[in-house]
């Protein structure tokens, strides 16, 4: 089973929050998409494991994912150690993604900043991805080198390396987030007001470059810009010129 | 005359040094390319104005440029003021480039770091590009908004936002640099040893991502990553998959 | 005439955009507020000088300002030089503010980033404020030392030093911005859609700390935290405890 | 038992060093103060556990603390793991502080820089504070959300977010530090010369803003500046003006 | 056995890659040099433990090392914990180096960036060096305080604190690297092309300051510059002036 | 007249404040030292031009300078332009220093931060030093390339690249500063209390590395560390070992 783009999320809803619009857009462009949930989010204030597993399945449908997986790490107890990295590497060898996304590994720790599981997952997935291409690792599957990793859930002081225009997918993304009702529905205000906050952030990010909604991602290595014209957006209505095709993936 | 990509260089050889490989590659991809030299480099230790004008013409041919221009700023005296910005804006309106490149505006000042003309040019071109799309500027030509600006001649502490694989163009680039013999030919060592240093830098940058030679560029705003697969290089020999085309320029 | 808080803005609408909510809140807390416009914004695509002068007066009323001033600098030509600093210093000595706000001095230059007038104004006002308290400056008025300067119009990569909850003033702020119809009314979309973008940014900033709307500001020196409990917001509904009063201004 | 401000220190003397002046001032303003020592500092070259426990009690009296606690972590072995976070969270639920202080989590590791216990404690306390407000944590006590965390023991390259004028408490602070005679008394020089170094640092920090002695603290989120006039110090002798009271805690 | 300069490397070849030129130069200046390998690199794709142990001995000879040591940590499983730090501290007390080098502790995690063992080793060695000078540590040997630590394997965004001219030792360094044939010999290209990449990086770094080849290192504390003229290179051929000797080690 | 180390100061007392201890130490090591004052500091609140010229001469004697110079720039009006750079370059060609020091060019602007003359002087001297080695500059004197530039008056967020132990010269330095009585003598407190603040900063900086007093400096390029043992201080009383002499200047 080859998936083009795999997002690892520490708790159900993290991957959807950080990458939902991107996943919808990628699917629409013809790529195969997946989320791997490291835990069932069983320590969350709202929602039992059962409820959250159902919610993540609903969200997966709303995002048109090709694949989901729920690993058996424990909520609030993710650790970046050898055994855990082997588990990640095993899945990487199975899914063989072109792009892996993980939470940013270096956020300041603490409530409302870097949850311990977010920080641990960022490190764990990064090292697990590395393990996947080492021949001697005591795990099954053919070795596999993920071409590129990006990071989401960026702290405020980190400028995204790139942003993605998700304006056309925003409403669908918000609907997918609403599947996580146990997390996002505010009983007091009788509304999904957190999702409004998420929307404001995406609007704010998009307006930097004239988009309605955007999501931002970080690359710890410089991006490829072999044809930097791919970084230049067309003006609305501008005809697409016929230029030599780009000699790279895809 | 519409040029796709225009590099502004403070002295003849700066644009070639910082963007030569890129310009060759862009030309090969079918784009129209140009260099605008702000000065004739008349204060350089080697070479008179006449010699340097001849050299920049030779280099332009070696780089297959579609257009060159030499402005009348004075070497070591470039200033980022209102009148100078109008001159830049006028040219921008004529050439109407999709991408403009200028030297990085924020290098530390001083010998071997940020030459005063490099720093001034970075600021001047940035503001001039802005002036080009303001209706009321007292200059001829239809207003024009440059879609994207990037910067070259990056200080060591600034990680490039993206790098460009120029391996296939490296030799041709070095030949173009040799046109600036008054600047790069070392009479003592009877060799172009500075160009060897430039090559080492490009090799070093390329090896980060498995290329033989690369050039690096900086964007002060996050890049567009609408289809982040354009950031993923194909493995050598990997078949180009048929994916939906990218809805953006070009 | 003593004003508590003075915002210097390069063009009519800059101060309102960057500090409108703050000015409304300060006024409500009993402080005297003012905007000093450095130029009439005569180079803006929309609006003549006359129109913009009228608009800034309307906006001043909508923000309940105690004072406005329009200086005679030229749009797109603000320069941080000796004569200009004397003009700033003269006004500072007249208004004698406790807090001065200016655009951030260190934004990257260029369109959509740091307008040349924003960068120049940030430097000019900073140095002019310093000149105001030097005895020998050839300007009228009693010397005056501004207690504190903050900066607005922060680039994306600069985390605000502090944010201000302006939720209660947001609607009033947006109304004030609409006074600058020549700048913010989009004839194509028949809407003030740029103001929606501004609102999204303020929402996004506010949600960091559970507010509906916030504005952010930067201090180049550490803040005073003599009683750091002033940094701790009360929970909604929490009774205000009786604690010893803070021995500082006001 | 509700404590207003709680400082977590890895070894006896760390909290006193980093926050002693602040704690004295807060007490004087009417707040309840406490130190939680994670270890007894039993690996310190000078002083046995017994000696150090006596010293920290003496220091607590000298700082007029309302409460002290000594946890059973081992010196040089503090680990940021699940069980340890539960212990921190339990204490947080008991003390229910408005402000928590911990050592900065991101210092460079090594001798004279970030002691392993300092780095671990910064992470551990941050995550433990988060755990305290999660309903499902297997620990006693009512859930509790700490309103604000700050950090002390900042590395040299980190500018404090705010500084606190402790000039009036400096002598008392130094006396409190002298209680840790096993750590700070230099048998060779027959003096508390390390405390002189601490005093120099506090003097140097204070002089930035015209104070005799100050301590500096770091916030990973922007501060609240609802009334930024609280950031403006009164001139000595200036009458306190009557302004509307600030609607926030306390 | 007192060694002047000790490099700790996570896998055989890391210390040689990051510090090979430096070690050759130091030896030539008369210092005693050593490498401590934390693991045998048994997880590397090429080479068994036996092969790699033989290779590191060959490399040691090629670098003229006075001492080598191979610890019993496991490849891909290095952990910065208490027991591991005691092992490091024990060796530090035996070798009593003036300078210790370790991999940089703060690289971004992941393939081609910070290998988990590199990051762990950077932290582990830093804390182990600290433990070596604590009296009460349950390890043999006289306490010892390492005067200075530096870091190698720097990420691209970290400017080296200092660079070392290794031009005279480059060829010898490359020969030493070739001893690690199982790691560096490319069967496909029938060449040591990775070593060419290493050479390009060293050339690039050296050209900053007019050297042919250099290696770069990072210090988390400011350097000593008691006589800053030691930072000024002589012009080639310039006679060495007779200045008062420098009052410091050595 | 060849001077080894030349400090450019914008106003009389700046060079003394930032580099006084260093200059005394360098003189003691046998180097020739000088200060070039760009202005007479005529805008300072205390002291006329005449008084300040006398004071700077006294300070020069107290610092045992070999040479002083006062240029004719105007206080508060230093500008980094072509003509000014020629003046700097002319002096550089005359004095031919091995090391030049200038105020840091990138401080935040404003009162108590970066005085306009400090920022301008940092840029001006950097570019002037570059001009000195360009053959075609319309100035007298043989071209000259300054081997190394460092910066002083560092903003708080900039960690010095290196610090210099000036403990043995601190008292003499303070005496030299007292020569600038018009600037540093506080008529209200009847004391040189600003100099006490300067001393606290130097103490604080020194304590990082176990010195009583230190001054810190910044290098925009990595330092030379050909023999990194020059970065390692001897323990007090440790015999100076006989090691091969360092092959560099001096």
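By letter and in written order, the chains are A, B, C, D, E and F; residue numbering begins at 1 in each of them.
Basically, a contact is a pair of C-beta atoms (placed from the backbone, for glycine too) under 8 Å apart; a residue touches a chain by one contact, two chains touch by 3 or more.
Since we're looking at a predicted model, the values are computed, not measured.
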| item | value |
| --- | --- |
| Distance-maximising chain from chain D - centres being C-alpha averages | B |
| Chain pair, A-C or B-F, that carries the greater number of C-beta contacts | B-F |
| For chain E paired with chain F, centre-to-centre distance based on mean C-alpha positions, whole Å | 35 |
| Rounded Å distance between chain C and chain E, as computed from the means of their C-alpha atoms | 52 |
| Sequence positions of chain F contacting 2 or more other chains | 112, 156, 159, 208, 221 |
| Pairwise touch network: line, ring, star, complete, or other | other |
| Touch relationships between chains, expressed as pairs | A-B, A-C, A-D, A-E, B-C, B-E, B-F, C-D, C-F, D-E, D-F, E-F |
| Chain A residues within the chain E interface of the complex | 80-82, 85, 105-106, 122-123, 126-127, 129-131, 133-137, 145-146, 149, 220-221 |
| Complex contact set, residues of chain D against chain E | 42-45, 76-77, 79, 108-113, 115-116, 156 |
| Of chain B, residues touching chain E in the complex | 112, 156-157, 159, 196-197, 200-201, 203-205, 207-208 |
| Interfacial residue positions of chain F with respect to chain E in the complex | 4-5, 22, 25-26, 28-31, 98-99, 147-148, 150, 159-165, 208-209, 216-217, 219, 221-235, 238, 240-244, 246-250 |
